[in-house]
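To start, I am sharing the structure in question, which I have written as structure tokens.
Labels for the chains are A, B and C, by order of writing; each one numbers its residues from 1.
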Amino acid sequence: MNIFLRNPLALSGLIIILTILILALIAPIIAPYDPNFIDINSILFPPSINHLMGTDGLGRDVFSRMLYGAQISLLVGFVAVGIASLIGVILGSLAGFYRGWVDSLIMRFVDIMLSIPTFFLILAVIAFLTPSIWNIMIVIGLTSWMGVTRLVRAEFFSLRQREYVLASETMGSNHFSIIIKHLLPNSLTPIIVSSVLGIASAVLVESGLSFLGLGVQAPTASWGNILTDGKEYIQFAWWLSLFPGLAILITVLGYNLLGEGLRDVLDPKNKD
Amino acid sequence: MNKKFLFSNFFAIFISSIFLISCSNDATEVVDYDGEYKKDLGGNLINAMAGEPSNLIAMIAGDSASSVIAGNIFNSLLKYDENLNYAPDLAESWEISNNQKTISFKLRKGLQWADGKPLTSADVLFTWKLITDPNTRTPYASDYQLVKKASTPDPLTFKVTYESSYAPALDTWTSLHILPKHILKDEDINNTFFSRKPIGSNYYKLDEWLSGQQVTLKANDKSVSGAPLIKKLISRIIPDTSSQFLELTADNIDVMNINPIQYQRVFPARKDLQQKIALYKELGNGYTYLGFNLKKAPFDDIRVRQALNYAIDKDEVIKGVLLGLGEAISSPYKPGTRWNNPNLSPYPYNPSKALKLLADAGYIKDKNGSLTRDGKPLKFEIITNQNKQREMTAVLIQRRLQEIGIKVSIRVIEWASFVNRFIKTGDFDVVVLGWGLSLDPDQYNIWHSSQQGPGQFNFLGYSNKTVDQLLELGRKELNILKREKIYREFSKHLLEDSPIVYLYAGYGLSAVHKRVKGIKKPAPPAGIYHNNYDWFIPRPLRRNEILEQ
Amino acid sequence: MISYLIKRILWMIPMLIGISLISFFIMHLAPGDVTSNEASFNPKASEESRQKLRELYNLDKPVIIQYGLWVKRIVQLDFGNSFASHQKPVLWERKDKSGNITKGLIQESLPITLMINLMGIFIIFSISIVLGTLSAVRQNTWVDRSITLFVFIGFAIPGFWLALLLMYWTGVSHQWLPISGLHSPGFQNLSGFGQFIDLLKHLVLPVSISSLSGLAGISLYVRNGMLDILHQDFIITARSKGLKENKIVFIHALKNAILPLITIIGLSIPGLIGGSVIAESIFAIPGMGKLFYDSVLMRDFPVIMGILTIGSVLTLIGTLLADIGYAWADPRVRKGLVK
């Protein structure tokens, strides 16, 4: 733990993420306005005491929308990564444990999925299914499990030869319990690191989809769509671009710092 | 040590280059854009398009980018003048027979294609045959199929006979681009290279088409319409509207459609932009509406529809969404035209009247404040496509309806899904959509009860016998004054029935660089673009261009 | 090595089949078809005409038959014609009887995307080696920390946001660079060299934006790799033998660090191709990413399938080349000692 706290990367990442998480959770309490409250007499006002981050094209308070947008960004990140990790862990365990033709089959599938440009896939599927927050989360999850699969598989390969696993097997434990009790717990490091990094990537993908019009749809507020709404007046209503852009940047930065920090801390090799 | 030395040297060079470059480009010249200039031939006009044209044969292409470009290259038999009356284009005159079923067009003498070959009635007949050919992949055939017989008694005359008198006929002849028979007669129109390399007869011809980047037109010296003053029209393909705006402010494009916020808020705040760019606003020929699925309860109840009409504050929508740049309407026609019924006015915002009508229909507020009937709350979903203004409109409507106790949810759907999954299947409650209309008042396709098939335009399911008869009559009546009465009557019924709520007729907003002179002020009824062939760019105001050798 | 190559190439065949199945499957998630673009909502277009269009494009045959017909054709490299661009061939140009050439959509757009991506890869490769090495060699100094910070920020910045900011700063506030597009109007009138410079000016922003996150990730990778290597025994041995520090770093350590870099870059190719959608859209560059996006919205199936297939094939070729490069560069593999 100490090492973790002394690593400046991990620490700053953790602080950033916790701050955003807390802000997102208490959004209903601290948001000064309802994020969907329209005031057509306050259209596109710059930041002021009444509106800390200004107002948007319908007079809605940007600060409140940003707070609720944090909920959306985090939700997309967590659920998408949850799905990806779940699939990755399952497939990786199967491939790493059983090897042989199971491994070959799964790895071929991984290779195929890795060969198709992911963003193209995501675009096509979301456009065809109509964009909604659930579709986005599921599609991002379904297209980012490949990395986790490989990592889990690699860990299993090296762990499987350890004595306690062989001992378990001879003692007759069933495969499932070996996987759950011995192999998975020791493979957590890469899973955690890749999940954290995956959240960062999911947040970026959602904002990219919003830019293309295929992200979370109006009137739900997301950082991506606040940014996109304001892109045509970037010189004039700078607050519509600055705040969500910075928020995305800081959040993604936080997750990346945490992920890399965790990797540094948990990887026995990197001791300097 | 070595590395550091190199690095700092490189850094110094880098910084000084930036200074040099910025110094050389910040040389400001004082140009008087507001002065008077005499007409000059030449210059380039650059505009931006979001989409690339797919095919310059307008009858086959479905997209607006294609028809805009093609409109500069081809002529039709007729066109509209600045007051929206019919005017000669290829035809110098036309006559309608006594039985009102035959029109004879007389072509102007000496018409030529851009390749020098003569343009005659044979080309017109050829074009008509093409568009009515079942093998031609065009969605626009139906109007022209109403022609029972077409003939060319001589090279300057084209005659068409309709089954029965068809009032919109002349309007249909303003939008059929006449194609050259001598080039296309042996070609498969669906696959011909002509779509990328057209030969027309109008002011401009295609100079160059850089796929995905820009389309350049240059003046056609054999133009049947005379020479345009601007030599070249360059249309740059810039899909992102924010990039377009940046290009406009950097002086790289001359013309652009802008949105209400740019018009009302951004430009007034920028003195530097106002010095070189002028703004124009004019009413377009269309409107935005809230449409009810008339086949679904409770929208089949006229009291509910009228109530919703009273419950929506249209002025608020115009103020909030369009920043005031639009008008409320009560007929499906452009305000200021003869088809508009001046005796009608929009449903005013009156929530108590709305509540009363809903009470008549059985909806009463329960203890939570929601309107319910037989225990079921009144709630529905508004769907719309990805159009910023429509989204904002839906949000405003949602709020007003929520205030009187109706639960409204909103769904924004991408266009292709929207049309195929919801509209064509009739699987929707309420839509926010718009119509872009032709100048002829005929609205048979939209409101006649026979047009309710899948993919047809009466997707709301409107059926009113009186309106049906009026629409049928209006199509046959060639006398303008009688037609006026028919369509005003039609508008009156439509307003009473309230199958839709007219939300607004928005202004078309344009930003045009001040170097472009010759724009008519005030804009005539046909709009500022009507005389764009008379626009010119005075020599002193032309941008520094890479000149042709 | 030859047997390794052959095995790799043979593996590509089932991969291609898998890719084609997935691409085809995705198409049929879509309920819309090509007749649902603007024309359908113009009151002048009738439903009968649209049904005719549907039949003419074979959209009413069952899915299995459509797949079979499609596979039969792509094996002959016939990807068909685009619906939305009215019969432009999807892949390669076609000549009609008068000798007019209609260029293929992928033929026109792929070189542009490829050019941007190759320039991007080149930049990523060269700059990340410099940054990563500098960072590793000066570990934990302010140089390392600032490079690391820069790298992380580069990783985290939403590309389109940065693009807009840069476009505004370099194109509007100061007229240093063009804002969008690939060529200036009047491009044809420039000399050969002038055209080259014009093109470069237009490419600065798009290439920078699309390679930024790759640059960040790979710099980090190089740094970590170098750190690993610099702590290994053979380096300590070399140091104790008295070899000059520079030589150790640049020759011995770097050689080892670059090897996995080749594979990593190969693996980042699909990310680059997919990522080009946003950059091309904002910078008005007519590349394959933008083409894909437009085709998705227009439900232009032949083009969508064509791009997914070609994009995947490119990726497979890219990883194959990366593997070959690795196999050649790593003497262990070259000599057949390790597979």
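As a working rule, a contact is a pair of C-beta atoms (placed from the backbone, for glycine too) under 8 Å apart; a residue touches a chain by one contact, two chains touch by 3 or more.
Computed from a predicted structure; not experimentally measured.
> A-B versus A-C: which interface comes out with more C-beta contact pairs?
The comparison resolves to A-C.
> Report the chain whose mean Cα position is at the greatest distance from that of chain B.
A
> Could you give the separation in Å between the centres of chain B and chain C, each centre being the mean of its C-alpha atoms?
Centre separation, chain B to chain C: 37 Å.
> Please report how many Å separate the Cα centroid of chain A from that of chain B, as a whole number.
So the centre of chain A lies 42 Å away from the centre of chain B.
> Taking each chain's centre as the mean of its CA atoms, how far is chain A from chain C in angstrom?
Spacing between the chain centres: roughly 23 Å.
> At least two other chains touched by the same residue of chain A: list those residues.
In chain A, the residues touching two or more other chains are 127-128, 231, 234-235.
> Taking each residue of chain B in turn, which ones touch at least two of the other chains?
Only 240, 242, 246, 249, 414, 416-417, 421 qualify.
> Name the residues of chain C that each touch 2 or more other chains.
In chain C, residues 30-32, 164, 168, 172, 281, 297 touch at least two other chains, as defined above.
> Using the touch definition up top, name the residues of chain A that touch chain C in the complex.
Within the complex, chain A contacts chain C at residues 9, 108-109, 111-121, 123-125, 127-129, 200, 204, 207-208, 211-212, 224, 227, 231, 234-235, 241, 245, 248-253, 256-257, 260, 269-270, 272.
> Enumerate the contact residues on chain C facing chain B in the complex.
30-33, 36-53, 56, 84-87, 96, 98, 100, 102-103, 108-109, 164, 167-168, 171-172, 174-176, 178-190, 281-286, 290-291, 294, 297-299
> What part of chain B is in contact with chain A in the complex they form?
That would be residues 240-242, 245-246, 249, 259, 261-262, 265-266, 269-270, 316, 319-320, 323, 386, 388, 391-392, 394-396, 398-399, 410-414, 416-417, 421 of chain B.
> Mind pulling up the chain C residues that touch chain A in the complex?
Contacts found on chain C: 11, 14-15, 18-19, 22-23, 26, 29-32, 139-140, 148, 152-153, 155-161, 164-165, 168, 172, 220, 224, 227-228, 231, 267, 270-271, 273-275, 277-278, 281, 289, 292-293, 296-297, 304, 307-308, 311-312, 315-316, 319.
> Which chain A residues qualify as touching chain B in the complex?
Against chain B, chain A makes touches at 36, 38, 40, 43-44, 57-59, 127-128, 130-131, 213-214, 217-219, 229, 231-236.
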